[in-house]
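Take a look at the structures listed below.
Two complexes follow with chain A in common, the first pairing it with chain B and the second with chain C.
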Partner chain A sequence: MTIQQQIAIAYRVDDSGGSLVRRLLGAREFGVLAATAVIFLVCAVGADGFLAADNLLSVAQQIAILGIVATGMTFLIVVGEIDLSVGSLHGFLAVELAWLVTKVGVPVGVAAPLAILTGVMIGVINGLITTRFKIPSFVVTLAALAALRGAALLLSDGVPIRGSRNEAFTHLFAGSPLPNVAAQTLWMAAVVAIGAFVMARTKFGYDVYSVGGNPSAAAGAGIASDRVKVMCFALTGGLTGLASIILVGWLGSANPLTGNGFELSVIAAVVVGGAGLAGGTGSVLGTFLGAVITGVITNALVLFGVDGNWQQVATGLLILGAVMLNHLVAKRSAHGLNA
Partner chain B sequence: MATNSPLSRRGLLISGSLATAGILATACSSEKEPSVAAASSGGSAADGPQKGKKVIFVVHDKNPFFAPVQRGFEDFGAIMGWQTQFIGPPAQDTQKTVELQASALSAKPDGVIFTRIDETSFDANIQKATSSGVKVILSNVASDGYEKLGVGFVGQNFVNAGDACGREIAKYAKERTGKSDGVIVCGNFAPGSTALEQRIQGIKQGIEAYNKENGTSFTTEVLVTSTDESKAVAAIDAKYTSKKDEIVGWAMAAFDHQYVSTWAKGKNLVGKFAVGGFDLIQPVLDGIKDKSIDFSLGQNPYAQGWIAAALLAEEFDPGYPARTYDTGAEVVDAANVDAVATREARFA
Partner chain C sequence: MPLFEAVGVRKRFGGVEALRGVDFSVEPGEVVGLMGDNGAGKSTLMKVICGAYRPDEGEIRMAGRPQVFRSPRDAAACGIAVVYQNLGLVDQRSVAANVFLGQEPRRFGLVDTRRMRAEAREVLTTLRIRIPSVRMPVAGLSGGQRQCIAIARAVHQGGELVLLDEPTAALGPEQQQNVLSLIRDLRKQGKAVVVVSHNVDHVLEVADRVVVMRGGLVSGMRDVAATTAAEVVGLIVGNAPAAAHDGAPHTSGELA
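What follows is the complex of A and B.
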């Protein structure tokens, strides 16, 4: 048995084998899937217009940026680290892209990949500081959060910058390549699908679970923990860059305050999706469902006619309820499997 | 020794107990402020000439400034019999605001009122609304180019209002310090906000105009503050530490002059410089009353809810087209603060 196979068994990465019900109950996403289904059902019954196709497609469009960044954050949280700077990085990269295009004159076809590259580089720097100097990523990325927000304000001189008006760019990142389906939604679907595959079916994915779940065992198995962690930071930075490109394509401008507090939404989606902050558990599919839950709740509260201040309270309580339901169902299904 | 006698100890205990009881009695007395009858429906539909219409107001930031805006909106909605909803992110967030607008449009409203804090981000939603027959009015902030969208706007002209603020602060700076030069600090708690950046631009313009007209040579420096009081006070204190007596005035682009007031009172610096800014929330009015703030410019937030809703009602029936309404820049100072405080108390 290879080390990858041993890790896959230890962390239940492989979901093949057994009956469909047994496999479903064994899937780590079952709890969050149940929570999503309950919330979806309540909204479908109670909120007028919730099930309308244009509303559901609108929700899918709204969670696209969250879903993309949260996919990267899932890798980081599973590997046992965290990135608190993704909100500021999102704002900085959006401003950088708009600034390069409209203030410097760089073609958007060059500026957009540069934004992703910058995101990767900032992720690598965060990762290297965390792993080489043994400083908790919470602290390193907290510092990055402040520095990147300041950098966004400096670069933009405090005011929103107009984005690219290149039609091909707008069409690629914010158009409607399929009838009524926004490009953002398709980008998210692609990122989630690839992310889920990488995490569940590749050596890198196994390494991520291994390093996050049992660092000493991973080291014993010859896995280069630090390199895996730095790659997770880089992945999160790169996906944040992609999210920023989509945002600029969508809104047509970049505000230096973009992403203020966004890191909390991202972390909430990952945690609601079943990931543990201690590392070793979580999945991209679960995170996607976590993002769906937060998007559906925000949308449904408007459709229910709930007033703004109550929406904050209701959102918090519903997310807590979803996490508890997820936890309960996951516990029961694990108990059922072991029985 | 007297302190060792049992009687003295008993006496001390008794007097201590009495003092404690007194303090407790004071602490337990009610400080409840008299309630002000609310005229608003709070979102529920009632009878009215446009009963059943659904109108949703989406703002970019639910800070205290918007309390009277919401009240004005709900008051008018109640008169009309509308079903009203007032929503927005807890802190300024363009992406979240765009998402809330999209959800609001999914709720199939008859009309919406939006804030437009930049020139592009909200246009897709506005165009989607107007093309599907949903009436749209902008309130509070419209940003350049809103006219091309064919919608009306109810709010302040920020550059003009900033200009008025600049002239006022320069006048008070000269009065307070007797100097004809020095630094006027322009505070901004949300760099990137079009409204605040335009006000700062206007403040600088107003100070320059005052300099030319009065032979003074005041200069300006921008300070990033915060809506968080402790952060704002720290920034203000640091600025004062670096400039000391060079500072002759503080002109804040929003309601952050309340933090200058708090800090100046704590440091015993009231009267050493001029203090002004915008908006008429309770701490600002209290500052004008206790003279730690010289003036504040109102922008009639109640009208930004009430008039915006009224323009929408006109569009519903009889169908007048959208237009623009300037809510002005009302100067509130020691001369009129009591009357204004009474007026604004209903929103506190």
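What follows is the complex of A and C.
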């Protein structure tokens, strides 16, 4: 008789994770998944035209930019940091792209990658200041929030700039490659899918959870915490760059006030999606559902004919409700599987 | 030949000498209890052994070969693993992820979760640690189970000499027994264990030998079979006036 068998007699060992239903109920995303389903049902029953394919596809299109930036923010929040400058960065990079194309005459094929590169670099700078000088990231990126908005206004003289008229460019980022499906929706799908995979299955993803969950344990285990954090900042900056390219392709111009308050929607999506601001918990899939909820509620309020100002109130209540629900789920899953 | 040897180790912090020429050795498959009052120098010695401090003088040998540890990584590469009192576990992550923390096995560039779960279960089974599922987050486990998982990681990541800092502090009586029996299992598998503890009963229960430090020196060494709790306590508090050098406050920075 092997040791394994001897022990198996004494107590039950089950590493399989249990049935699909059990795994689903134990998953951290269960709360947000249930909320999405309920909100979907309410909208489907209550709002005329909500379930129409056109309407759903336009919701998907509207949350594309939110979903892309929130994917990056998920990495940052799980690693225990935050970036409040994504809204300003989004505006600045959109202006930068339009400015390069229209005012400087740089081909859009060069200007677009440059926008992503700028986003990555600004993320790296935010990350290096945060980790090297040990300044809380919300302070560092609050400063960046102000500075980047100023830079966007300076670069554009405070007025919108025309974007690229290159057809291939608009087609790639704002066309509809499939009937009724917008290109930006597909970009979001790709970013979310790759992000979820990287977070859940790669060594980098494991490091992100470890560093955010217990920084000193991660350091003790030989994980280069600072490098992991800087990479999360860089990723968020780069994805914000992608979001700006999509926006310029979509609207055909860049407004220096773009993304004002956007950071709140992004953080809301991540938090509604089950991430804890203390770090160590959260998932890209949860964030995606968080973005969907935000999009669906906004859409439903429009369909219900509710005053636009109520949307803000709804967003606030949504964040509060989500945080309270997550608190309950976290308590429960501490004693269950699949944290 | 001893698995680990420290010979004539001295360590000075500014004007005070925390270690004043310490000789310390551990045989393979031996459990050594390292005891001493706060400030006696045992934390400093621990940090020298695990590579966190470099001794000013003296030699460190692993299996007879002299070693210079520039960092805890060097020591780990030599087979020295430390389990600190705070355990270094990531609460939100699974048992398997914690056993492999920072050393996740990879396949085609991706973390091989299947292998990780299987190997984690194997380690737990060998060490007779009872955890219903390696998928459970460690936050949901008891203090004793958490201590065991931290030890399992130390062993799994190649520790031949396992240093345990206060492994039974803050545990209930039953969990203390679980940890002590795990230490016995480690010995059975030929691992050498150094237990730093204030608890004389636990040390006498599990160790082969007790080394007592006082004022930066080894003030006594006893075989557990031939000593009593009273004698060990006497060594710790320093009955002999000559040994009554008061450990300076600089070493009070215990391994947190």
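What we mean here is this: the second predicted complex is superposed on the first by the 297 of 339 C-alpha atoms of A that agree within 3 Å, B and C clash if a C-alpha of one lies under 4 Å from a C-alpha of the other, contacts with A are read in each partner's own complex, and residues count from 1 in each chain.
Here, a residue touches a chain if its C-beta (ideal position, glycine included) is under 8 Å from a C-beta of that chain, and two chains touch if they have at least 3 such contacts.
Note that the structure is predicted; figures quoted are calculated from it, not measured.
S.K.: Going by the contact rule set out at the top, does A:P136 touch chain B (first), chain C (second), both, or neither?
M.R.: neither
S.K.: Looking at the overlay, does A:P177 come into contact with chain B only (first), chain C only (second), both, or neither?
M.R.: Neither partner.
S.K.: Identify the partner contact of A:A221: answer first if only chain B is touched, second if only chain C is, both if each is, neither if none is.
M.R.: After superposing on A, A:A221 lies in contact with chain C but is clear of chain B.
S.K.: If you stack the two complexes on chain A, which partner ends up touching A:G316: first (chain B), second (chain C), both, or neither?
M.R.: A:G316 sits against neither chain B nor chain C.
S.K.: Could you look at A:Q62 and tell me whether it touches chain B, chain C, both or neither (first, second, both, neither)?
M.R.: Only chain B is touched by A:Q62; chain C is not.
S.K.: Using the touch definition from the top, say if A:G280 reaches chain B (first), chain C (second), both or neither.
M.R.: second
S.K.: May I ask you to decide whether A:G46 touches chain B, chain C, both, or neither, giving the answer as first, second, both or neither?
M.R.: neither
S.K.: Which of the two partners, first being chain B and second being chain C, lies in contact with A:P107: first, second, both, or neither?
M.R.: Neither chain B nor chain C is touched by A:P107.
S.K.: Would you please give the residues of chain A that touch chain B in one complex and also touch chain C in the other complex?
M.R.: On chain A, the chain B and chain C contacts do not overlap at all.
S.K.: Inside the complex, what are the residues of chain C that reach chain A?
M.R.: So the residues of chain C touching chain A come out as 72-73, 84, 86-94, 96-97, 101-104, 106, 109-111, 113, 117-118, 121, 125-126, 128, 130, 132-137, 139-140.
S.K.: For chain A, which residues are in contact with chain C within the complex?
M.R.: Against chain C, the touching part of chain A is residues 3-4, 7, 10-15, 17, 201-203, 205-207, 209-210, 213-214, 216-218, 220-223, 280-281, 333-339.
S.K.: Help me check something: in the complex, which residues belonging to chain B touch chain A?
M.R.: 42-43, 56, 59, 62, 83, 85-88, 90-95, 98-100, 102-108, 117-121, 123, 188, 190-194, 197, 224
S.K.: Touching residues of chain A toward chain B in the complex: what are they?
M.R.: Where chain A meets chain B, its residues are 48-49, 52, 54-55, 58-59, 61-62, 65, 153, 156, 158-160, 162-163, 247, 251-253, 255-262, 298-299, 302-303, 305-309, 311-312.
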